[in-house]
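Below are two complexes that have chain A in common, paired first with chain B and then with chain C.
Showing the complex of A and B:
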């Protein structure tokens, strides 16, 4: 399912005096089957960009192609519902959108809305809850009675129950505690590696990008600065410096050590570093 | 918490506090701690550990089931709440729940107006605090035209403008981008540099905790431990077992120790690099 933006621009309030061009002339291809992180400062256009992916926003100009779907400014894509089954969008703080009496009902709402029978919707909901690590003891509980991290996972299950090929997550770890964050990273890695979902991740946390993403798209002032392999992106010191991007800590440490004259190669984690340095000592 | 023979004054004292949102399910189960005047204290704990409940109790937004809270030596109760609120400001996590006026300027002015600040002096005060949080050029903007991070900076300016003795940050930076986070953390540190202001920061940011004076760790509504950050984070197993993390520099030191490389625990990555470099020269 290739995703291709061509000369895509979006203007908020186009006919008003305070019209703002949120993204402009986006040319971008997002790779199928990978975890792609979209990064950039607040206001760089990340949220605007991803809201095009299931046609919540229609471009002011340009084209977005997702497999057989073409989205342009002058027409709503044919089969909008089919598109939204292909692309699941998990909003920032999605747990605020839980509303049903029980967790199972809440997760089953999506598939029911897409026309699945009650029975099948429930079956899909159970499967999705299993994927996010909420077992059957959670089915009949109120979504209000579980922790923030669990709520967030229940909300994600609501999207997974529709079984989209592409899952877009806007700041999925914001506000989670360290354990919740680890579980979330494990979840989207598993969705990608085991179920071969294309994952698009919007995040401010470069530690998470470095740990989990295959590719990085950097946005600045509504434009794509670059799209690159995650490891090589964070090794390009000049690029990071010129765009004021904070290095992941392990990269910073490695850089400092190399500046001091230590020879280090292929260091991507604390464990890599320990092994490399431990080797030097033997 | 360490007391220096009564020299340091406790500006917040929490004594055996219980609180329950619903019957038979205590969110806080007898929590006691003290915060010394002029310190930067961080409160850590997993989601649901009771951190935010503590913040709301201290600022009088919730009332404890039992136990006692003293602010600046005064017992917090219905009679003292008004005077105590003047001493204490709180910045919450979600910026959308805090923006009340229709422009940045008015939002910062809101509290000042309530406290009858001379309107002629008000603009200077507003501009000073707006500049501190880097929002001076956005004073006439409407909240709808601001990002979450910008709104949060306005909320912080609004609290700062009231010149409280104590400011509680309840995960106030968790929604900002990394640069925004660093700016706010620097702002808080700068504000705290003369030690006149007491900062209590509820956070998941381990690095922030490492750079604070004291850490209070809550787990399931109870005090897990409190003390200096360097002592707190030595307990890697315990801290990780309650769903928290230890700082990056400590993690590296632990991983190297397992490979037989002994280095000191340090807070800064620069110092860590220096430690590793020195140890590599010895071999």
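Showing the complex of A and C:
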């Protein structure tokens, strides 16, 4: 399931005096089986870009290919349902999509739409709810009266229950507490490592990117600035500086230590750093 | 869905945008009356020319205004059919069994459609070229004299301005929820009746829930800032008529008089 954007542009309200070109000439390939983080300032076009992955927006020009699906500007694409079964999209404000009487039913809604039987949909829903950390006591509660963070978990479960090959998440951790954030990131890593899902993560949190992503795509004003390996991205001081990107804490700490003369190559986690500094972590 | 333009304000800086909202509202009312005066084809040509002139000055593409009509096409067709079949005057043009079409039916229907067209065009121009806030300010000013007989002018204006303010937000919300549900496999275009109902429910429930939440938050925010509906208040912005507003009003009234003259003497 390779994903390839070619010269893709999208313009909102093209006929209006206030037409905005949200993304332009995107040439990008997203690797299969990896966790790719899409970062960039507010308004840089991240959400616009990823909505194309479900053909919710059709390009104004250019093409997008996802495995054997091709999405272009001029036609109503066919096989949309099959595409959406393969690529699951969790929206930036996903907590507003809940509507069933109970959380369990709501999470089972997706699988049912994609043709799973009632029992199977419920089974998948239970599994997905377990993954996001909502236990049995939540099954029968109304999705409209739980907290924002719990709604978000339920919404993520709603997509996981469909079991897509590619999972796209737009700011999945906004509004979660630090512990919830950690759990979610661990979940995405596990989905990637154990079930070999391709994960695309839009986030403003560089700590998360550094910790979990394999590759980073940096967007600015609707254009791709660069796409590279996450670790080398954060080592590139000049690049970070010129785009006003705040480096993760561990990179900063390493910088300080290296300034003092320590040699710390190939160290990318707190654990490794502790060991390198002479501690004996596990 | 992305192309809902029905009267949405378009931020530009044109002479029409700069007019006093009261003058625009009054001129529109005068023109609406003018449209309903049976002044024959000449009259419609005059009106169409006047309105086209306004569109030209406003710099808004004609295409955009025409698009505002799309949702109404169905209604117009319905009207057309009913009207053509029910009017039984003038020369008989078509006669196939029980379907009889008369000349007057066609003309009458055309009149109605042109009237509707012009009316919608006028109101669309007004809302596209007037900030919602200005519009309500204008309404409040115009209703002012009726306060004495108990018309809650300020409350009406506030309600209208809140409603106008939230229309684009709700449209945005609708698109967002539809998109989320599409990702979960809902098909809003096709499907059996049962699937269609589920699709609609999956849209309407979250939309209501969000809107009610919004309304609640807004009410709290207003109260927290000490809003009391019937308090005496002064204004930060005051409206003053200037020359261009008088020109607009005089123009509108002249057109109305011309229509009356045409109707009486032709």
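Heads up, the rule we're going with is that the second predicted complex is superposed on the first by the 270 of 282 C-alpha atoms of A that agree within 3 Å, B and C clash if a C-alpha of one lies under 4 Å from a C-alpha of the other, contacts with A are read in each partner's own complex, and residues count from 1 in each chain.
One rule holds for everything that comes next: a contact is a pair of C-beta atoms (placed from the backbone, for glycine too) under 8 Å apart; a residue touches a chain by one contact, two chains touch by 3 or more.
Small disclaimer: the values here were computed from a predicted structure and weren't measured.
By the touch criterion defined above, A:271 reaches chain B but does not reach chain C. Applying the stated contact rule after C-alpha superposition, one finds that A:180 touches chain B and leaves chain C untouched. In the overlay built on the shared chain, the residue A:18 is in contact with chain B and with chain C.
In the superposed model, A:260 lies in contact with chain B only, and not with chain C. In the superposition on chain A, A:137 makes contact with neither chain B nor chain C.
Once both structures are placed on chain A, chain A residues 18 are touched by chain B and, in the other complex, by chain C. Partner chain B is touched in their complex by these residues of chain A: 18, 41-43, 147-149, 174-180, 204-206, 244, 246, 249-250, 252-253, 256-257, 260-262, 270-271, 273-275, 277-278, 280-281. Contact residues on chain C toward chain A in their complex (touch as defined above): 2-3, 5, 10-12, 59-61, 63-64, 173, 176-177, 179-187, 201-202, 205-206, 209-210. Listing the residues of chain B that touch chain A in their complex gives 45-48, 93, 145, 147-150, 171, 174-180, 182, 204, 206, 243-245, 248, 251-252, 255-256, 258-261, 269-270, 272-273, 276-277, 280, 283. Touching chain C in their complex are the following residues of chain A: 12-13, 15-18, 51, 54, 56, 80-81, 84-85, 88-89, 91, 93-94, 96-99, 109-110, 113-114, 144, 155, 158-159, 162.
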